[in-house]
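The structures come next, written out as structure tokens.
Two complexes follow with subunit A in common, the first pairing it with subunit B and the second with subunit C.
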Partner chain A sequence: MDVWEVFSRRTADDPLVHVGAVKAPDLELALVLARETFFRHGEGVDCWVGRRGDLHRVAQPETLGGVTDKSYRRADGYVGVGAKLKRVRDALAARGLTVDGERPDGKR
Partner chain B sequence: MTYEERTAEFKARIDAGEKVEATDWMPDSYRQAALKFIEMHANSEIMGALPEREWIPRAPTLRRKLSLTAKVQDEVGHAQILYRIAEDLGKSREAMFDDLVNGRTKFHNVFHYPTKSWGDIAVIGWLIDGAALVTQHALLGCSYAPYVRAMRRICAEESLHLRHGEDMTLELCSGTDAQREMFQDAVNRWWRPIMHFFGPPSNPEKDVLLYWGIKTRSNEDLRQEFFTTYVPKLWDLGITVPDPALRFEESTGEWEWGDPGWDDFWQVVKGNGPMTQTRLTWRKAMWDSHAWMRDVFAGIRRVA
Partner chain C sequence: MSDPRLTLLLALADDELVMGHRLSEWTGWVPYVEEDLAMSSIAQDEMGHARALFEIAATIDGRDVDALALGRDADEYRNAVICERPNRDYAYTAARHYLYDTADAVRLEALQASTFKELVEVVGVLRLEERYHGDHARVWFERLSTGPVEARQRFAGAMSEALPEAMAIFEPLSGEDALLADGTLPRSGEDMLATWLATIGTDLEAVGLDAVLESGSEPTVGEMVPTSSGASELTDDARPLRVPGLARRDGSWVHAGEFSGAGGRQGRHSDDFPALWEEMTGLYRAHRGATW
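Now for the complex of A and B:
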């Protein structure tokens, strides 16, 4: 008997998320069991199953995203940009370089 | 049920805010509109990598070089995701590439211009990515669910690019007079293409993309949001906007803006932009020189 991995979509535009597995002799029963096991309370709007043997894991998942410093690819490589904007803005205002003009309310 | 009845039922689903999956029945008109739009987006991502790529060897520091390389990788990655989604709507990737490199389909107008200085890279990273983010955020409400899921990921990555662009901008604007002039010069050259980016003001009643909920906001609506977000920031940095007619009109709560030369826009749309042929030729050369790799992949499929 095969193990079938079960995937759910919580709302219509969500991605599929793995929610668990069922054991079933064929696809038809796998779908029935997935439905009854994981969706009784309306947990999702869509359900997919796939044979565990048809799904494959990447080798060395700990190397995903690289093993050297790749912070330039991530948000944490750019913390402080907001504060820098304020600093630069204030410095330029102090030098009288700001351009005057009517601005929408509440926006700066 | 007749085709017309099914179509009416489908339209009612869209109007009720329901999402469409690749496996759902859809009218031809919806499929064609969604395909054309997503294909154009994919084309723009893969062509949009080129203007910035030209500056990777000339980046001023190693850190900037790494960031710019990562960004170019992201754009190409977005194209891969989007072409896959477009393929599910019924056109093969091979056909889409063939149409792109032979000038039969379009890519976004801002990618038809040369990048003349490092200031251009700051403008692309901040203002053009900013304009793109305004339009892309509006697509999170799209009726085609696979596209929405892709856009969530793409918007997250674009936000990062925007941070990088803002950082480059601040570096230049707080730098020497020459650096500030370099940035101002880049803004002066790119402002019109950015206005073109949002498209001419159009009649929302006649927009098939709005009709099917593929787009949710009009060109002008998005342009106004861009002004409100970026014009005051530019002014704060002491940068002038090269449109003498641009002003915020308090009584209407809208920005007024001047003619950005729509003739130039239509020339670019027709494939006559300053860099259109150069970049398409380069892309075609890559497509042709990598044909062997597609053959290898096809061979693996046959053997397996």
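Now for the complex of A and C:
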């Protein structure tokens, strides 16, 4: 018999999370059984099932996000840029210069 | 550049740097956003790999990583010409991606057995990320080679054009004998070329594209570059690189003949390189030492 993974949304605003699995011979029964196995006390407002064999794990999950320095991808890589820009702008302003060129019009 | 280890490191690092630069040009232009992110990440990975290799090179050369990556003259770069070729369409990009990453995998696997400890350490890390690049390249190889007729035709055409230049990834390095003698380079370029050809030969045959190997008939890599004196000398160093021919023997693809002339590993680049170099190094040359 197939194993079906069960996913739930606790409230309408929550993301879908894995809550467990049920055994069932077909989709129809999986949906019926998941409902009573995991939601008897109103644990969620939404329920999905998927056959375990249709779910696949990515290769090498331990390298997700990369193994070399990727700090530039994080927002904290930009910490201080605004302050630096202000310092440069002020320093140039003291000499009567401006770094504010024309802004792009937002279209490419 | 007397230390042959530096020659090896710059060949490896420049390949990754220039490949990363080219792939980054796809950012924002790939046909759909998930693939755009994947390709952009691969471009960033290649830059990161270049950085890790330049860090070792810096300990030998004395210049810092930025100066090595962005502060050299165009003819000091040692990347293979295939890395600098424009992206053209996605068929060419995918064909080159497959050829480059399969070749890089052979090279990195060999280097894992190097006597150069610092390099072995870095290679171990790079291979973890390169495995994903290989998976990604292979997925597109399978899609395009078996896909609708137009995809297959464009992919086969791109593969034929890219193949001779991809072979030049294994162009002998100057000082290769010394690198082999002390075990820095566990296998010669030509030895690695044989392994790589057998691999891609099997892959191409599996999808019925072995005609690509038979038509690998344009063996000259790059254009004739005038020498600084303006003379068209006919010494070996002045001739464009010629790659070995290909033959099928005992059920697998092998190369026949040798490399001659000089290509990317001697700093002899194609007409596509100066524009890439201008763009890649322009900011560094205008503002040396700038940080952000």
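Simple rule for what comes next: the second predicted complex is superposed on the first by the 74 of 108 C-alpha atoms of A that agree within 3 Å, B and C clash if a C-alpha of one lies under 4 Å from a C-alpha of the other, contacts with A are read in each partner's own complex, and residues count from 1 in each chain.
The rule is short, and it goes like this: a contact is a pair of C-beta atoms (placed from the backbone, for glycine too) under 8 Å apart; a residue touches a chain by one contact, two chains touch by 3 or more.
Source: prediction; values computed, not measured.
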Practice task
Report for A:84: first if it touches subunit B alone, second if subunit C alone, otherwise both or neither.
Solution key: both
Exercise for the section: Check whether A:52 is in contact with subunit B, with subunit C, with both or with neither, and answer first, second, both or neither. Expected result: neither
Handout entry: First, second, both or neither for A:67, with subunit B first and subunit C second
Key = second
Exercise for the section: Counting touched residues of subunit A, say whether subunit B or subunit C comes out ahead. Expected result: B
Practice task
Scan A:23 for contacts with subunit B and subunit C and give back first, second, both or neither.
Solution key: neither
Completion exercise
subunit A contact set shared between subunit B and subunit C covers 70, 72-73, 81, 84
Exercise for the section: Could you pull out which subunit A residues touch subunit C in their complex? Expected result: 59-60, 63, 66-70, 72-73, 81, 84
Problem - Touch list for subunit A against partner subunit B, complex - result: 12-15, 46, 70, 72-75, 77-78, 81, 84-85, 88-89, 91-93, 95, 97-104, 107-108
Fill in the blank from the handout: The residues of subunit B that touch subunit A in their complex are 18-19, 21, 63, 66-67, 70, 145, 148-149, 159-160, 163-164, 166-167, 170, 173-174, 228-229, 231-240, 247-250, 253
Problem - Interface residues, subunit C side, partner subunit A - complex - result: 41, 44-45, 48-49, 51-52, 125-126, 128-129, 131-132, 135, 292
